[in-house]
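Labels run A, B, C, D and E following the written order; every chain starts at residue 1.
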Amino acid sequence: MSKTIEILGADGEALLNHKCETISKDLLTLPGADFVDRSFGNSNRSPQVLRSLQALYGTGRLANTGYVSILPVDQGIEHSGGASFAPNPIYFDPENIVKLAIEGGCNGVASTFGVLASCSRKYAHKIPFIVKLNHNEMLTYPEKFDQIMFGSVDEAWNLGATAVGATIYFGSENSNRQIIEVAAAFERAHELGMATILWCYTRNSAFKKDGVDYHVATDLTAQANHLGVTIQADIIKQKLPERNGGYTAVGFGKTHPKVYSELSTDNPIDLTRYQVANCYMGKNGLINSGGASTGDGQSDLNQAVTTAVVNKRAGGHGLISGRKAFQKDMKDGVALLNAIQDVYLDESITIA
Amino acid sequence: MSKTIEILGADGEALLNHKCETISKDLLTLPGADFVDRSFGNSNRSPQVLRSLQALYGTGRLANTGYVSILPVDQGIEHSGGASFAPNPIYFDPENIVKLAIEGGCNGVASTFGVLASCSRKYAHKIPFIVKLNHNEMLTYPEKFDQIMFGSVDEAWNLGATAVGATIYFGSENSNRQIIEVAAAFERAHELGMATILWCYTRNSAFKKDGVDYHVATDLTAQANHLGVTIQADIIKQKLPERNGGYTAVGFGKTHPKVYSELSTDNPIDLTRYQVANCYMGKNGLINSGGASTGDGQSDLNQAVTTAVVNKRAGGHGLISGRKAFQKDMKDGVALLNAIQDVYLDESITIA
Amino acid sequence: MSKTIEILGADGEALLNHKCETISKDLLTLPGADFVDRSFGNSNRSPQVLRSLQALYGTGRLANTGYVSILPVDQGIEHSGGASFAPNPIYFDPENIVKLAIEGGCNGVASTFGVLASCSRKYAHKIPFIVKLNHNEMLTYPEKFDQIMFGSVDEAWNLGATAVGATIYFGSENSNRQIIEVAAAFERAHELGMATILWCYTRNSAFKKDGVDYHVATDLTAQANHLGVTIQADIIKQKLPERNGGYTAVGFGKTHPKVYSELSTDNPIDLTRYQVANCYMGKNGLINSGGASTGDGQSDLNQAVTTAVVNKRAGGHGLISGRKAFQKDMKDGVALLNAIQDVYLDESITIA
Amino acid sequence: MSKTIEILGADGEALLNHKCETISKDLLTLPGADFVDRSFGNSNRSPQVLRSLQALYGTGRLANTGYVSILPVDQGIEHSGGASFAPNPIYFDPENIVKLAIEGGCNGVASTFGVLASCSRKYAHKIPFIVKLNHNEMLTYPEKFDQIMFGSVDEAWNLGATAVGATIYFGSENSNRQIIEVAAAFERAHELGMATILWCYTRNSAFKKDGVDYHVATDLTAQANHLGVTIQADIIKQKLPERNGGYTAVGFGKTHPKVYSELSTDNPIDLTRYQVANCYMGKNGLINSGGASTGDGQSDLNQAVTTAVVNKRAGGHGLISGRKAFQKDMKDGVALLNAIQDVYLDESITIA
Amino acid sequence: MSKTIEILGADGEALLNHKCETISKDLLTLPGADFVDRSFGNSNRSPQVLRSLQALYGTGRLANTGYVSILPVDQGIEHSGGASFAPNPIYFDPENIVKLAIEGGCNGVASTFGVLASCSRKYAHKIPFIVKLNHNEMLTYPEKFDQIMFGSVDEAWNLGATAVGATIYFGSENSNRQIIEVAAAFERAHELGMATILWCYTRNSAFKKDGVDYHVATDLTAQANHLGVTIQADIIKQKLPERNGGYTAVGFGKTHPKVYSELSTDNPIDLTRYQVANCYMGKNGLINSGGASTGDGQSDLNQAVTTAVVNKRAGGHGLISGRKAFQKDMKDGVALLNAIQDVYLDESITIA
């Protein structure tokens, strides 16, 4: 554990020793080698879906720990290829994306139809492919925020995918169309035996209020998670929460005083625990995102490891970290991914 | 009967002795052990649908009485998981929802795709699953009132459902799209052999007039029922009526003076009898909803039992009560469900 | 004939002796026992459609006369159940609707999916079922005028229907969507072997001009008929015309001076003859509607019989009369239906 | 030739002797007995489509000349039945429409679903049926200009059609939806072995400029033809051009100075030659429409024969003339159709 | 090489000697005889798609060099037939288009459904057909910019196509609908074994800023390419870039300073190299368009050959040049196409 402690720095001890007294871990379905059995064995998921889930949980350095480390590289669509790959142009070549995921010991690689299709006969049997189905491309002017389908679920299966991913912008004007589309896509993915991962984002300009950004409020993001598992996402990708009080600040929807007094505190682990609770008390894995690259290797490392510790201690299932890993030299990217994984491999870092 | 009387308190006797002189019970198809035979035997429902209906009417403490007690837990979608489960967070775990329904002696459990899917191989053969197909989620800002499909009817059947449920907001701007969608869903559900339950709500801000809320007027809710059975809902879920005169107060649509002078009175049983009449004179069961939890156990119990007595005496088929049951300790929830059921088991409480 | 004359009263003789000198009956395909052969034998209708048409023309008191008397009860959707059934609440029970049609000697009963489905195994083989596919429900606020589908054509066939019915509001803003939908529905109905009946209404607030209502102008309604037979309605339901000059008064579309000078007069039989001409010169049967109930039995009877005489003498095929029949005691309803039928059975009442 | 010359009157000689020096006839695929072979033999059209084309080109007085004379009667939908048939009401009866086409020696009869369906078992094997798929009905108020589908292509095939027809209003706001719909319909028609005819109209109020109507400008109508053959219309129906300069007068789109200086002149034959060039240099037949009836037989005859001469000499394939033929006595209509046909039978009238 | 040098004139030497120091050619998948193997062998493309790609790369004067020269003639739809073919009217006849491609030694001919269908049984086995699926026709007034489908992918396959082409107007208001439509079309094309080519245009009036046109900025066009390969275009058609700085000038989207400082320079080869990089580092071929005809043969030739040199040296796969080739005499068109091809055949012209 010494290396993780070293990376965490001054805040490390407090994080590692925090005990969550809001929603007890005893109420959770906890990660573990037999997680797929315990959580999905009695579900409606077919044996083929169980195989796909097990393939995800059973690949890479975290194989069979109940944790996952996923490399996502689809930012070229939304942020542009230039914005994404200028720091290290080798990733304009899709094969290098898959290589980074393999070298980095990831459980799977999430990318676009085009990227994964370009090398599927070489790699789809070596590392689980997660095809990201929809995107918000930003070449349209004026900018709009809408996720549209870039291909079909069958196309993902045909190219060898183990899982499909999709984004919903909960809170936004097109969210209902997206819910309907993604629910249908996930139903089809399950029929074809693939697992499903939902990028469960909140998005609405009204969610910034008086300079405070409630897109990362735990009450709003957790409700997004709740909707996500309702449409049968197997795994939920969510941003790490930074605060609470979104419903009350924005002044809409329905919530309960105990959400603020009893079910969470300001501690990041407790905030994240509430996200886990809204994934059916951990029956569906919560993976948090790694966030943008700061451009500074040490800073990226510190943020990523901190996020991993919070996620793990809250009861989460791992991290999905892209820009911090591919916007630098490949060996540094591998090192960062491994540092994240080390958190999950370290048995002394417990669930709070 | 003593316990029910005790719970009803001062108003009990009047309720229990009221005789309905508007639409005679002789005109109704009455509940009973052979209700499925008498009401659906000559209908277009297939033998598989008859089996599903019989499964619903034949499970739990009310098995084979012609009455049903259903636990609905889908409020997490509309009101948020936090608002719904903060009072008792164990229900963030979907298995506990099903356990409450079983422990509570219910005929079936109505919930979301996600909840029922998560434990379907363990429970779908132990208690009828009613998959709620559509929801109005309220994470979108600004709030909108629209029911959208969260999955397909086939998906419901695949996870072991006995019935599907859906909501239509009659009166609202999207109601016609919802009628078309739900009619198609119910046709498919019947093809697959499932029963159909319609949450038959009225919803329009114009239905509040001069401070009076006509969403619970019997003339409007009864017409919603009439539209519901037209699209072949087998069972109608409706709020208990509190008044009459919606059409005339709002000043729209068509009605008839006798609806107010002869077909109902101000008595809650008579108001509800008019709802039953609009379910093809009882050929389709009317179940009333239990309403929100007051947070006070005794008050909840009194309201629920009163509602049950009114529903039963009007010719209804039972209650569907969620928040009063799961927003408290599980044993108290079970007790409340049982108290409702006791009304229907009590042969001395007759149809008025 | 004495009874019909008696009912007609003072105006009877003029009606019965009028000779139509606009469009000669020699140009018409006339009703008769072999009408299905003569009119549809060389058409594209399949043998199964011919069987369905023959079943309609071959049932009830008018069996095999070439005339039809149909009981329509679907007003509960548009006008509300209360407005429709308050005069005689037994019709809240759908079985009584079918009983009235049978007791009344009708050729068929037209009603909703829900009504006919509820008793289809008992009655669909005893009297032809006509399932009304679409409706304009008026529980939506503010009121809108649009016909939407309440179920599928296959569903109608599955419940035992002999024919399907549908409404188009010609002239209205949604008419083109309705034309497309109904044309597709009728094509499917014909594939399944059912007959098709179009409620061929005109509807546009602009069709009232200077206090005169041109929704019942023969030039406009006849054009609606013309469009109806174009999409292969086998039978056209139309309101009895009351005047001419709709196109010219409203000032739109195209017409011809001879429509007013040669092809019609003010005589109701001549006005109706022009409607018949627009049903491919009688190749498709024209049935006129009975209109609202006045609440007064004698007045209802007089109106209905007068309408029947006009329809028959113009070359029409019968009446479809609902409210005048079911908004009173069942025996009075039967009497009214029989009085209408007597007009068509009376061989001394000829085609003008 | 004497009779045609007689009908043409004073202008005849100029027309008959004009030599087209814009686009040489040597560049055209010319009409002829083997036209289907020469033009479609190497195309993607299937043997069944070739059979249908040959049936069209091989029926009636013009059989196997490479020319067609078609009777179109669908004006009842757009202009109303009254406006169309008041001059001769026998055509309210659809059988008379088909009889006129047969008596008139036509290659085919183009009409609505309803008309052709009503007598298909009697006539579809005697004269090619061309089912007009879409119409702009004008009973809707306020008037709109949109072509909507009145039935399906399969339905046309089932009733015995040899070809389908459709209209696109090029230039109008709904033209793109119409292009998509008609392209799909024509693909399906070809799959089923039917030929395809496009009513290739321009329609936009902006196409009238300073009192001059450019709906009949050859540059615009020819571009409509070009789009029509792109979506695989086998035959193009177009109005006879009356002028050039549409693009430049309206000031939109792209054109080329040579369109006005070299590819056409003001001569009607040259204007029409440019339309033929835009039908893939005559690989797809151009038929011009006959226009409205003047009500005067001699005048109608003169116009029709003049149009036929222009069309033939430009390299066109024939005329499609409706109102001039059916808005008079049947024998006069037959005479008019025959006079048109005589132009094409007259070998002394050559391609200019 | 002397002839190419001669054509290039004064600027030739600089172009031919430029060394690209932005994105090294070592990072690219380079053209070559075995390009299909190297680039698509490990992709998801089926053996039938590999055959189609090989047919494209293996036909004409450039057969098996890894380069393609394609003749596109679909401008008649957007610019009008007159604007396109007035300079040489023989191309109104579609067969001449295909002849020019064959005579000109092209790898394939890209045109409309109508053009290629008209002679498919004669030529589809002689030269690869590329059916352009969608177009922006400009006969609609007022002008709109939208690509709509003129037929189906199956129809293209049925007529013998080797590949399909489509256009997306990235940046425009309808781009997302186009992305969805074209992605689906390309999936279907791949299923049927055809190759896919995307006309990858940017289009938005805001992309002109202060008189500078950023529709040909490399940062915007390259991002269009990146989106194009994401939806599995096998080959990208793009305009030759003329500048950089589109994102920053227009002020939208996301980009990176290194796009301007390190990944390109003002040199046309470097600008184009950035386009190639955004085609997955050359895994998908980039073909640049030849632009409009100047009407002057020498000038056309100079532009075309210059473009070819830039494209080749940047790492591109060839040119797609239409108007410069068909808006002149056929022998001059052939000469121009051959001059372009000579650039790619000339081994002394290297990748920079």
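Criterion: contacts are C-beta pairs under 8 Å (C-beta built on N, C-alpha and C of every residue); 3 or more make two chains touch, one makes a residue touch a chain.
Worth saying up front: this structure is predicted, and the values here are computed from it rather than measured.
Peer 1: Just tell me the minimum hop count from chain C to chain E, counting one hop per pair of touching chains.
Peer 2: 2
Peer 1: When chain D meets its copy chain E, do both sides use mostly the same residue numbers (more than half shared) or mostly different ones?
Peer 2: Counting shared over all numbers used gives less than one half: different.
Peer 1: Quick one: superpose chain B on chain C by CA and send over the rotation angle as a multiple of 5°.
Peer 2: Best-fit rotation on C-alpha atoms: 70 degrees.
Peer 1: Mind checking the centre-to-centre distance between chain A and chain B? Centres are C-alpha means, answer in whole Å.
Peer 2: Spacing between the chain centres: roughly 38 Å.
Peer 1: Nearest whole angstrom, what separates the Cα centre of chain B from the Cα centre of chain E?
Peer 2: Whole-Å distance between the two chain centres: 62.
Peer 1: Of all residues in chain D, which are in touch with two or more distinct other chains?
Peer 2: Not one residue in chain D touches at least two other chains.
Peer 1: What is the shape of the graph in which nodes denote protein chains and edges denote touching chain pairs (line, ring, star, complete, other)?
Peer 2: Graph shape here is a ring: one loop, exactly two partners per chain.
Peer 1: Quick check on the complex: what are the chain A residues that touch chain E?
Peer 2: It is residues 76-84, 86-87, 89-90, 92-94, 112-115, 117-122, 135, 137-144, 146, 148-152, 155, 158-160 of chain A that touch chain E.
Peer 1: Mind listing the chain E positions that touch chain A in their complex?
Peer 2: Residue positions touching the partner: 23, 27, 29, 41-45, 170-173, 175-176, 179-180, 183-184, 187, 202, 204, 206-207, 219-220, 222-224, 226-227, 229-232, 247, 250, 252-259, 262-263, 277-278, 280-281, 283.
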